[in-house]
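First up is the structure itself, then whatever we jot down about it.
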Amino acid sequence: MTVPILNASGCLDALVAPEVARSLDAFVTKTVTPLPREGNPPPRIAETEHGMLNSIGLQNPGVDGFLEHHLPKLASLEVPIWVSVGGFSAGDFAQVCSALDSCDDVATVELNLSCPNVEEAPETSAELVAAARGATSKVLYAKLSPATSDVAESARAVADAGADGLSLVNTIRGLQLDADTLRPQIANGPGGYSGPALRPIALACVYACAAAVDLPIVGMGGVTCGRDALDLVSAGASAVALGTLLFSDPEAPARVRAELEAEVRRRGQGFAAGLRGAAHGSTMSRPASAE
Amino acid sequence: MPGSGLVLGRARRERLQVGESETVGPYTLLRLERGSLDPGIPGQFFMLEAPGRVLPRPMSLCQAPPGELAFLIEPVGPGTRALCALEERDAIHVLGPLGNGFDLDVERPLLVAGGIGIAPMPYLSDALGSPPAILGFRSERHAEAAVLLTDAEVVVEPRLVTELLPEDPGDVLACGPEPMLEAIRALVPRTQLAWEAPMACGYGACYGCVVEVDGHYERLCIAGPVLREAA
Amino acid sequence: MTVPILNASGCLDALVAPEVARSLDAFVTKTVTPLPREGNPPPRIAETEHGMLNSIGLQNPGVDGFLEHHLPKLASLEVPIWVSVGGFSAGDFAQVCSALDSCDDVATVELNLSCPNVEEAPETSAELVAAARGATSKVLYAKLSPATSDVAESARAVADAGADGLSLVNTIRGLQLDADTLRPQIANGPGGYSGPALRPIALACVYACAAAVDLPIVGMGGVTCGRDALDLVSAGASAVALGTLLFSDPEAPARVRAELEAEVRRRGQGFAAGLRGAAHGSTMSRPASAE
Amino acid sequence: MPGSGLVLGRARRERLQVGESETVGPYTLLRLERGSLDPGIPGQFFMLEAPGRVLPRPMSLCQAPPGELAFLIEPVGPGTRALCALEERDAIHVLGPLGNGFDLDVERPLLVAGGIGIAPMPYLSDALGSPPAILGFRSERHAEAAVLLTDAEVVVEPRLVTELLPEDPGDVLACGPEPMLEAIRALVPRTQLAWEAPMACGYGACYGCVVEVDGHYERLCIAGPVLREAA
């Protein structure tokens, strides 16, 4: 089996780093909203001991700007394009999805249902997915937050609402204070926590959702090497996305892919076949591949 | 190939060995073997792996002796402390050169730097044929770093670099703390100022490093770090 | 100001380590349920890169056993005793609380509303607090999970239901796989994630709840030193609890207390007065001290 | 006082300096200066800080030369690898002695160990006046550790220690992998077996280390690690 390696939304700009984008099996855009957004005031990022915080606030050119200025250039990279879609209401999600629906260059739509740095939509995740589903026939991935008492329940709800796949997980809210002032290091206060510290949390979410629904899963959260990718696949992911890791290592896609292949090879032929979901033993239903 | 690929245009990423480090006043001059990296244009920067930390740290190139890249580092937090603690034959990943450096096509350059803002000046001074320079430091000990530039005028707090600016300063190329850069911008018509912002990636991937430019948030790592202003 | 240092529930047995318990400003028991529980099968713990996972499953002697065999011995330690109460329904919480109500040796009741390793009660946190409130006049702390999209909302709900204070936070679900078998390292699969990796998440929860409700807060999650304690207090905690840290350092209470005092001293007299909530600037209402 | 207080009865916690480490086959014999720690009873264990890891690691005392505590460590994962990588003059926090050791009041002791289960045997053998011992290892290289005991009988896989058990083995004091201990328990009426379980704290605080004893989960760190059985 081959495991597609993607970037995590918001963690790569394919237009300024096309070589990096071309090293991926699919490129995921930063989240696009109906209207342009300047995003949150700086400072927007802070490193923590075992991860990082960000509060970018969905800076993006809006769906019209995206379609006019970005998508044509992205298409020329010849990498499948996933567009991450965000908004502040079901109507927002529907609007962006319907604008993307007729674009042949868009392979997949990922619904960012879980950004910790902006106001949440009043609707439930399932309602947002249903609105998007009504607006496009594109393949729809629902991106869920780990900040919920029962992520498997959320997974079932978005599956029922028409999601074709899951992206797990987004960041979880975190805070860090400046050593001198004891005020938050990020202008907006809390930020989304990502990186190695998030890894066991992400793995638990993938594990729970893979057991609950029969959908392909893009696993992400703190991946740093092939072993981490292997863990996500064993827990039930069908593809793996790299986020924070890309900031320290733009060459990570090739490296993680090679390390993952080596891990699988080391375990032998028979193993590769049953790799996805291996952590579940015989208890998991094995869904079809992600692509 | 991990650790040796070509990425991001002229920038490359490579694992470089540490040579002999020196202390210069309170700073450390970290010498790395150059590998196949291009030193780039003065004012450009590199992302240096900070051992034990999640994110790399942006550092301006300070000197480019043959076969080497040298960085002047002030230990202000965990990442810079880890970099200053590197020992000979350790190795770290380095990505660069990144960002936009100084435009060297200037008629009457004057270099101005405050504190660790001196870091890019030795390489810049070499490229411009040792133009005049004004350096400001917050203590005599910090001012020891002035040895890195020949013939610079040096002030120590409470005196400020702006006190030494000539009436017609020509083209000011400056690097230093934000208040210093703001003061220079207010006084001097033609400037090239090297700004700072916390950076996670250094190559436009994270949108973490934005600064306001003409009412919009621009990523400093790709729009800067050197921003030109002509009044 | 002095900041009381407590242990986190489930992270110290005062009867086998009385010297450690005596070094605390209050001792918090492991969670007590109506009936005795053997807990979950071993292995129950696993270390992760930046924290640990546990799935103890509330092993405890039940409230009758606790009252008969444990409480008298605990009382002889002459440290204020907080009893952590758990259960699987509002009735369970009410039952344990009413059994404790008449015990003079119990200073405070902490309601464990958020154990990730056992089935959740069907009622909301607010309903569980209301049930407990109806059963005892003891000081009631509600212990909340970080695994929620809006912890401030939970805080408001339990405050309205009659909680006198908050304990923030419990562990969040995490998973780790064995390198060889790729099966979960813990028998039950996922476990509660604690330790340094949790610190920014805990800090964000304290910060959000301190701004939302006017209650004393016991802050916990990944504390390893005085600076970490200082951060929690700055974010709005009135006391600090040590969990995972006690496993590697049973002498931590005295050390963290000393380091915290040194941090405060270094910042000068004026600072100490405004310490609690300092991270909020002038935006936070400053509730009275915890005790 | 951080790092020097009295806790948990006879156990103390102290930061101990590392002396010269030796390799013994695939194992490392880590020597620590003893400080004010009591070596305890053979079969008791200490919690050793594993640099860079969140939790300490339980280790049986292997030898107690004057002024020292020596631990025999097999590098099987991140914690044990960090311990084996310690260098002279490094220092780590150590807590102990912890748990219940072997009852030395036995008439005809026979020591049996498998693999790294040899760790507590040298100290135990000294205390009992060098009784007979049977050691099993999974390779000749591992069997090099037999030098730590005088006059032991040694078997290497596929042969098993149980093959060498005499008909009337007396009191068997054993440490080793679970299947070995189970086999001994099935064959020998009077045993003292030293078990293992993952431990976070080693002093009864976490309930992580439970094993089933008489149908109940008991904390191995305080009920064991040595459990007696008399059929």
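Order of writing sets the chain letters: A, B, C and D. Residues in each chain are counted from 1.
The rule is simple: a residue touches a chain if its C-beta (ideal position, glycine included) is under 8 Å from a C-beta of that chain, and two chains touch if they have at least 3 such contacts.
Everything numeric here is computed off the predicted structure, so don't read it as measured data.
Common neighbours of subunit A and subunit D, by the contact definition above: C.
Leaving out only subunit A, the chains still linked to one another by touching are grouped as follows: B | C, D. Chain geometry summary: the mean Cα position of subunit C and that of subunit D are 34 Å apart. Centre-to-centre separation of subunit B and subunit C, using mean CA positions: 46 Å.
Subunit B and subunit D have Cα centroids lying 55 Å from one another. For subunit C, residues touching at least two other chains, in rising order: 48, 50-51, 196.
With touch defined as above, subunit D holds no residue shared between interfaces to two or more other chains. Contacts between chains trace an open chain of neighbours here, each touching only the next in line. Every pair of chains in contact is given here: A-B, A-C, C-D. Residues of subunit C touching subunit D in their complex: 10-13, 16-17, 19-20, 30, 38-39, 42-48, 50-52, 54, 56, 59, 195-196, 244, 246-251, 254-255, 258. Considering their complex, residues 48-51, 53, 120, 145-150, 172-177, 179, 182-184, 189-190, 193, 196-201, 203-205, 207-208, 227, 230-231, 234-235, 278-279, 281 of subunit C touch subunit A.
Residues of subunit B that touch subunit A in their complex: 1-3, 5-8, 13, 47, 49, 53-56, 79, 93, 95, 197-201, 203-211, 216-217, 222.
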